[in-house]
Amino acid sequence: MVIILKHNATDEQVENIKSHLINYGFQIHESKGEQKTILGAIGVKPNFDTRKVKILEGVAEVYRVTAPYKLTSRDFKTDNTIIKIGDYEIGGNKLVMMTGPCSVESEDQIYRLAKVVAESGSKILRGGAFKPRSSPYSFQGLGEEGLKFLRGAADENELFVITEVMQISQIDLIEKYTDIFQLGARNMQNFALLKELGNTQKPVMIKRGLSATIEEWLMSAEYILSAGNPNVILCERGIRTFETYTRNTFDLSAIPIVHNRSHLPVIADPSHATGLRDQVPPMARAAVAAGADGLMIEIHDDPENALSDGPQALLPANFLTLVEELKSIAKAINREV
Amino acid sequence: MVIILKHNATDEQVENIKSHLINYGFQIHESKGEQKTILGAIGVKPNFDTRKVKILEGVAEVYRVTAPYKLTSRDFKTDNTIIKIGDYEIGGNKLVMMTGPCSVESEDQIYRLAKVVAESGSKILRGGAFKPRSSPYSFQGLGEEGLKFLRGAADENELFVITEVMQISQIDLIEKYTDIFQLGARNMQNFALLKELGNTQKPVMIKRGLSATIEEWLMSAEYILSAGNPNVILCERGIRTFETYTRNTFDLSAIPIVHNRSHLPVIADPSHATGLRDQVPPMARAAVAAGADGLMIEIHDDPENALSDGPQALLPANFLTLVEELKSIAKAINREV
Amino acid sequence: MVIILKHNATDEQVENIKSHLINYGFQIHESKGEQKTILGAIGVKPNFDTRKVKILEGVAEVYRVTAPYKLTSRDFKTDNTIIKIGDYEIGGNKLVMMTGPCSVESEDQIYRLAKVVAESGSKILRGGAFKPRSSPYSFQGLGEEGLKFLRGAADENELFVITEVMQISQIDLIEKYTDIFQLGARNMQNFALLKELGNTQKPVMIKRGLSATIEEWLMSAEYILSAGNPNVILCERGIRTFETYTRNTFDLSAIPIVHNRSHLPVIADPSHATGLRDQVPPMARAAVAAGADGLMIEIHDDPENALSDGPQALLPANFLTLVEELKSIAKAINREV
Amino acid sequence: MVIILKHNATDEQVENIKSHLINYGFQIHESKGEQKTILGAIGVKPNFDTRKVKILEGVAEVYRVTAPYKLTSRDFKTDNTIIKIGDYEIGGNKLVMMTGPCSVESEDQIYRLAKVVAESGSKILRGGAFKPRSSPYSFQGLGEEGLKFLRGAADENELFVITEVMQISQIDLIEKYTDIFQLGARNMQNFALLKELGNTQKPVMIKRGLSATIEEWLMSAEYILSAGNPNVILCERGIRTFETYTRNTFDLSAIPIVHNRSHLPVIADPSHATGLRDQVPPMARAAVAAGADGLMIEIHDDPENALSDGPQALLPANFLTLVEELKSIAKAINREV
């Protein structure tokens, strides 16, 4: 922690600040400049609330020196984390495609779409059985029945499964059917749920909250890592800004920044980021060009009658075309789809 | 729903749009203008995903006509909701003060502070026993022991209790000790928890999410009302913006807007909105002047050693001074503290 | 400037960083902690681009120590700036009311409204003769004729005038008619215009840009102060956020923060901040309670036919009622209207 | 315009609303639904202030039907605008590269860098002679001398010139030296300057304001088009959000949206969007993949001593490598660099 003192701080105030720092367990280094005095408070306290010092008389500014996350940071682990599900790798040179409908709507629907997913070369099938909806009057998912259909459809096509968990009491049930837990954007700071997911060993993909800073996103990963589960995937899915012509603002610059600060893989979700089918292909291409380790994309073969998010689903044929474009883009940066 | 057609929409496209609307169960009214044709799609479907129409060829824009919330709206219930706990009223002419420390830290601490609360004339004691923290390494609350201390301190001083619930499995436990459930900002869209709180009968105060629109906030209230619990209080606590000199931006204009759109009472929390003690009094005064039905304010008698959020806690003496100022402000708009 | 080194920075990198700092003219103080080394770079260079150091190998974070503004800061001038126009004071204990229509529309209109302004006890008449409009097809103001009407109406009622200047070539003309220059939100970072206004001696009121940080706002004031004009007033008028139920988010917490960091007076404009008449009175009351040194409020006696911003104008009768409420609120914090 | 009435609007209120609409010059179409009545107000008034209706008693919501821009919209002009400078095209299938230093610092510097630009295959040389700086104490540009150096360096290498204009009085001077006027983000709503640029015939590139919506950006283009200059280029350069790990949030989804709504070409500026050299290549690649019609990129051969924005400048060698990557990405979507 670095403390900048006010240029007119009195000796008494400075002594008071120092004695507080000592009481909080810090060692102090002092630098006197022409106009400002700086105190360096040394000691490893990543979660120290710097406002405790900011409110002391004579203090102008306080800066944290250590990032609040540890296990998540590249300082702690230099090499990229590559998550393995059997032989399959997430976070390696080959991009991961997570594809499927927003919701599992029927046995028939998910089996049909799983076939498309397999045909495209994607290895992971997505589909929601428990749906977080902003309205209590909207379709809330098929529940366990949906999980069974999803698993069956994946198995028949030799795919892995990713599906969303919304609350602690669903973890055991969902764990029976899924390969990867998905944590939704609105639950990114559901700390109780994060802790419990840290106690499982299956990979967890954390979607970035609508207004979560990159730092808060990494802190949510820290909850899971610190509880003992090292298999965390991050997923950028758009943030909330003032712009209204788009549903969200897809923050692609988060991708190189997370790669710089953390060793965890980053997936991008252009379907939720844009909310409209026409914008999915250009943003999918852009995400690959920006360095994403994979994409989550929604598809549907009857989007007009989809029970949720039909308007953002690609038709199977359009998805297959997109995959070909993505292969060329990946090649341009020496990666593969 | 109102659909604006593109000025160059073909007859075929228009027919296709109309047949979709009919299939979705709407009646159609058509208005042809000089440059634009407008379709009014009539039928009560508050949660219809308007993007389903937006993606059809020939459509320029789509607007929803009905707000997505019903029970929460002033259209549905004209009179202000006044919530009663025994004889005590929340949402009436007299402002409600919810006061206490951020966290219950010890039996002694909460008993000392409850005395200050009672002395100030506040009737509701706040204090967290389960704490949502962005870091897994921070103090997480005393749990049930904290609830016991809180209830005891309140009873000794004839106060009511408000405390936070973070997950479904805590509801039964907390219900034994509290008079009002508090739902935190980061859980505002924890829909599973909202539904369960709708099944209780104790009042629930919903804090506005950091990036929640007013509409989403009212939709979270709708979850609770639609499950059968009519006793919902809203709490504005600051939103996230680009400004960094403040912790959050206190959105006081939300207060008259919510009063216009909904019958539910609105409380303001200047402690979390500002995050720094010095800013709490001016913002508390402003909230009352803007028409808040009450305030939630954090106090502490040893803020430097508080286990959470000490820097935003008022000292007891400062709080008592503030209450006097608030009385004058309330009087200026014909209300009482 | 404070530089936090990466924990695995090599000796060579550290030497390179130090030699850069020395070349840039800084003295260096080094603090070695358990995990991190901190370099304090001492030397008064308020506008040094800290990214120059951030991009060097081995650097983890860089923090500025000195605020980039000097003359604007309370460090530089401890006492509140009180601006005098003749005997009249802006920034003193008595609140300033700047009242009038959005645009000067006709001689008759501004004379009628100036009478209302005088009757209310306001001393400053507002009215735009040159109007910044987001559409090239909207009313652009009466120009010099409008200035003449405005001055005449003010003189007849013993009022001062504030009116907007949009470009350098208008300064000489407007200076003949106005007592205070108003700089609009969209011109807050029109640096060429700021410099020229710094060469006048009449007071300048700077409206905060829609997405301007408080720091940038103070830097715009610095442009004028550093050019030799000490008479700067700041005006908060709402910032742009994700919320769509309001036109802007009125950032009232900026008021105590600016008072803390700067000696300049702060006016609040609830008319532009909210954009709708019904929200003006509660937000005007809140601004006074938050400590604003005055208010700018739009009124109109025929708002339905106003040529600009009619929907946010208060009717004269409502404005007179509001002034009475504001007097009570001001009294509650020992100020006067 | 579409007006949704309150479900409890009285007959008297409805009549009053209708008579206002008629007075404002609209024709009315009425649709009665089960719960809501909708009024369609027909008539071409793109800049009608819809708040005039919103404030009438009995009105629930008001929606605009026509976009406020006309000449800028794809409705008005279906084909892409291709801007020609001699034989050179901006907005065609081949991507445009605008490359050079942030500021012209000396004759030697700009001649050296122009050579790199030409070598890379870029055809447009960028460089600022008048610099908008947030601090009055920072380097403000070389002025006319800088323009001369810039033109000379371009001519020697057969390049075109783009440079920034900050105020009306600079237009004549800059027009002598430049091929394209650049309008900076902070001047995007400097309406006086926009109008004057509309009176020139040289192309104008409008940078998107930090918090400008896409609609406002297109309205600024409308100012220039409506004054008679059809040669407008748009430039996305990052918007302001809550995220602090990046300088701005690069809004790449704006690119397909602008292409959908307007016929004007869109350039992307990853240097200003990210503010740090390391992030420029991934974001440049992403912009091309998203469909940008070109890139503006800053380079410098001695960034540590650059007088402005050195930290975001690519070194010549890195820029040449990037161009090769961009060629592969462009090819993947059937375009060329």
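Of note:
Order of writing sets the chain letters: A, B, C and D. Residues in each chain are counted from 1.
Just so we're on the same page, a contact is a pair of C-beta atoms (placed from the backbone, for glycine too) under 8 Å apart; a residue touches a chain by one contact, two chains touch by 3 or more.
Since we're looking at a predicted model, the values are computed, not measured.
For the pairs A-C and C-D, the count of C-beta pairs in contact is higher at C-D. More than half of the contact pairs of A-B, counted by residue number, reappear in one of C-D, A-D or B-C; that pair is C-D.
For the pair subunit A and subunit D, the distance between C-alpha centroids works out to 31 Å.
Subunit A and subunit C have centres, each the mean of its CA atoms, that are 38 Å apart. Subunit C and subunit D have Cα centroids separated by 26 Å. The residues of subunit A that reach two or more other chains are 211, 240-242, 244, 278, listed in rising order.
Viewed as a network of touching protein chains, the structure reduces to a complete graph with every chain in contact with every other. Chain contact summary for the complex, subunit C toward subunit B: residues 211, 213-215, 239, 241-246, 249-257, 260-261, 273-274, 278-279, 282-283, 285-291, 325, 328-329, 331-333. Contacts from subunit B toward subunit A in the complex involve residues 20, 46-47, 49, 51-52, 54-55, 68, 132-138, 166-169, 186-187, 189-195, 209-211, 216, 219, 222-223, 226-227, 240, 275-278, 303-304, 308-312. If you check the complex, the residues on subunit D that touch subunit B are 2, 4, 6-8, 27, 29, 31-36, 38, 40, 42-44, 61, 63, 65-66, 75, 211, 240-242, 244.
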